[in-house]
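You will see two complexes here that share chain A, one where it goes with chain B and one where it goes with chain C.
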Partner chain A sequence: MASYFAAVWAIVRKDLAAEWRSRQMVTAMLVFVVLVIFIFAFTLDIDMLTRRQIAAGVLWTTFAFAGILGLNRTLATEGERGSLDGLLLAPVERSAIYFGKTLANLFFMLVVEIFTLPLYALFYNMSLAQPGLWLVLLLGSWCFCSVGTLLAAMAAQARSRELLLPVLLLPMALPVLVASVRASSAFVNGLGMEYASASLNILVVYGLIMPALGFMFFDFIVEE
Partner chain B sequence: MITVSQLSKRYGYRLALRGVSLRVRRGEMVALLGPNGAGKSTLLRILAGLAQPSAGRVEVAGCQLPKQAAAARAQLGYLGHQPLVYEDLTADQNLEFFARLYRLPAAAARIDELLELVGLHQRRSERVRGYSRGMLQRLALARALLHRPRVLLLDEPHSALDLQTADALDDILRAQARAGATILIASHDLDRVGGLAQRAVLLADGRSAASLPKAKLGRGLPGHYQQALERAGG
Partner chain C sequence: MASTSLDRKPRLLQALDILSALLMLGTIYMVFFYAPMERVMGQVQRVFYFHASSGWVTMVVLIIAALAGIIYLIRPHKKWDVLAVACVEIGLVFAFICVTTGSIWARPAWNTWWTWDPRVVTFTILILVYMAYMLLRQGIEDPQRRARFGAIYAILAAVTVPLTFFSIRIWRTLHPVVIGSGSATAEGGFDMTRPMVWTLLFTLLALTVFTLTLLWHRVRLGWLADKVEELRMKAFGR
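Take a look at the complex of A and B:
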């Protein structure tokens, strides 16, 4: 068991080190999110109350597309020099590769969210001092990355993977996005846990099922 | 150490391997020869556990594939067409990462030793992105040797290497064979692997065509080679 977690951690560390040196993926994700925030902020001619009401939808749509950028990149780098084969050759459980990549993707997505949330708070009249909102961000991002990593591994073997991933991922991640938007909206608009609990339950269940599927099927997905 | 019996591999409608049988003993260095598309790389990928056979029996280092693939992977080193390294990391970081995956004790000393061996010790802290093709190949070799594998599967290992580095690679492979490693080298460069391997197995059109002992590898080879390939192809 310790060796399993050591392999997961080694993959996370490797992805963080590679990104730290290149700074390509997180930079692209950040630029994308910031641009979308500004475009929405300056093109939507609406009052602050309405802005707050649509904030959760804008937030998750932006994070989802930024997440797809990251997912495409992280699996594409494995394919570029055949390094996915290098991982598959190692005597580690292949599900450890899935969890390592998922955790690394989650880290990158959370970094982007943490850096861009103050801008959302500024333009959409949101308060960030809400633990419930942070919980939704964590759960929603985990669910998105767990299904996204699985599908990105499938798409990585296709020629048009950049096109294939969003086509596969968005329908599969729809329950996550809907639940995340509803739960975030409840917290942003001050409705509290009572209104968010059903959506949070969906996220918890999804966040358990998808990693379980990844654990069981990642081996078959990367098999040639 | 490597036993392949009636191995077939199908990609859709195309049969890449058709009933290939092969046996490589412990400490033996065997060249797998054949033209492009003969199925050499497919065979090596199956032996490395990177591809699943469609039919037949495969055993590597005493492990049945694909059932005992994880145990087999711990004992084999694979050098493919791609270097299987990360361009945004340095040579050091790449080898440290793989050392962690293989749970190597005293990894730092082993990495020093290998980088010295492949002549990359002076550029170990540079990002791999800036390496030439030959340097990448040398780093890939270091990665393949990192965990002291008992079986080495090498796919065109001399490609992109200059003469001096290719000779150095031959010396490394001979040393590995002397230390008891079983080595299977896929190549279409007869001159190069002919002087290195103890025998050669010819592969053509997905079939094992002939087996040539060391004595025949040295003389009159192009004729034998061509005839055997033509027979298998026909």
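Take a look at the complex of A and C:
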């Protein structure tokens, strides 16, 4: 068991180190997020009240698309450099690779979110410093990455990989997005736990089932 | 599998062809002449029989597809993959029928072609998910990998589609529950009289038999396509 966690941690560290050296992906994600926030500001020319009501939706749309940008890279780069074979040859459980990749993706997504929140609060003049919202962000991102990593591993082996991932992922991640937006919206609008709990339940269920399925299926996906 | 069974169309399948044709004719009679006119909705209510039945058939075939996926992952044999594809294709067709007939009914009942009701949205998302399934399969050349990925995606779909339903149900629902107790907020619900129940049951039976017949045809087609592929490999060596 300890060696399993060590393997997961090794993968996470490898991905973070690789990203730290190039800083390509996270930079692209951050620039993308700022651009999307600006585009929303110009396309949705809205008043203060509406802005507060749709904040959760705008944020999650942005995070989902930024997340897809990152997910597309996680296994594609491994394939390009042929390092996936090396990973697969390593004497560790294949599912450890899945969890390692999922955690690394979660980390990248959270970095983007931590960067975005204050910026969004600044641009739109609203307070997003609410622990409830942060909990939803953590939980929703975990759900999104757990299903996303699994599907990205499949898409990376198909012909039109970058094109395929959003089509595969978005309909499957819809419950995550719907529940996250509902729960976030409850916190942003100051309605609190009472209104968010039903959506949080869905996120918890999804966040348990999906990694379990990933644990079972990842072997079949990377099998040669 | 025995190749002789592929060369000629099996007797039972021929019988099923005729049976489903008769049942479909019977359904048309039942729906348009036997079933009474609904008092509030009028003629348009008759679309309900096809709507409910195609919804039922869609659920059945897609559950079979997920089960075939599970079996394939445990015991990888081509036949489960062929079955799963057949199920998904047929399921897509019936899902389209279900959404379209629902829309036709919703126009007079809810005064709109489309509404963001959980069931309506779930069914449309279901169509998108299984279209993604077909796209995924198209993108993979290696038949074994294609079958494996298809199986996994079908299982994931069977898990996420119900979750989609529950996540959207947190909104207020508008869709009537005709069988069992109706919800207080549902619009356009109606009580079914005895002939209506019989018509619905008959339509369900007819569409189920028809679907099984289609499924068998599609599985046979899958096998034949496979055989052609094999022969081509043998002849051209690629």
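The rule we apply is simple: the second predicted complex is superposed on the first by the 219 of 224 C-alpha atoms of A that agree within 3 Å, B and C clash if a C-alpha of one lies under 4 Å from a C-alpha of the other, contacts with A are read in each partner's own complex, and residues count from 1 in each chain.
Rule of thumb we're sticking to: a residue touches a chain if its C-beta (ideal position, glycine included) is under 8 Å from a C-beta of that chain, and two chains touch if they have at least 3 such contacts.
Nothing here was measured: the structure is a model prediction, and the numbers come from that model.
**Student:** Please work out whether A:Ile202 is in contact with chain B alone, chain C alone, both, or neither, and reply first, second, both or neither.
**Tutor:** second
**Student:** Can A:Ala17 be said to touch chain B (first), chain C (second), both, or neither?
**Tutor:** It touches chain B, and chain C stays clear.
**Student:** Which partner does A:Glu223 contact after superposing on A: first (chain B), second (chain C), both, neither?
**Tutor:** After superposing on A, A:Glu223 lies in contact with both chain B and chain C.
**Student:** Kindly classify A:Phe108 by the partners it touches after superposition: chain B alone (first), chain C alone (second), both, or neither?
**Tutor:** So A:Phe108 meets neither chain B nor chain C here.
**Student:** Examine A:Tyr120 and indicate which partner it touches, taking first as chain B and second as chain C; both and neither are also allowed.
**Tutor:** After superposition on chain A, A:Tyr120 lies in contact with neither partner.
**Student:** Is A:Phe144 in contact with chain B, with chain C, with both, or with neither (first, second, both, neither)?
**Tutor:** After superposition on chain A, A:Phe144 lies in contact with neither partner.
**Student:** On the A-aligned overlay, A:Ala7 touches which partner chain: chain B = first, chain C = second, or both, or neither?
**Tutor:** After superposing on A, A:Ala7 lies in contact with chain B but is clear of chain C.
**Student:** Scan A:Met172 for contacts with chain B and chain C and give back first, second, both or neither.
**Tutor:** A:Met172: touches chain C, not chain B.
**Student:** I'd like to check the shared interface: which positions of chain A are touched by both chain B and chain C across the two complexes?
**Tutor:** Common interface on chain A, chain B vs chain C: 223.
**Student:** Mind listing the chain B positions that touch chain A in their complex?
**Tutor:** Against chain A, chain B makes touches at 45, 48-52, 70-71, 73-74, 76, 78, 80-89, 93, 97-98, 100-103, 127, 136, 143.
**Student:** What residues of chain C sit close enough to touch chain A in their complex?
**Tutor:** It is residues 73, 125, 128-129, 132, 135-136, 139-141, 145, 148-149, 151-153, 155-157, 159-160, 163-164, 166-168, 170 of chain C that touch chain A.
**Student:** Quick check: in the complex, which residue numbers of chain A touch chain B?
**Tutor:** Chain A reaches chain B through residues 3, 6-7, 10-11, 13-14, 17-19, 21-22, 77, 80-83, 85-93, 223-224.
**Student:** Per the contact definition, I'd like the list of chain A residues that touch chain C in the complex.
**Tutor:** Checking each residue of chain A against chain C gives 147, 150-151, 154-155, 157-161, 164, 167-168, 171-172, 174-175, 178-179, 182, 198-199, 202, 205-206, 209-210, 213, 217, 220-221, 223.
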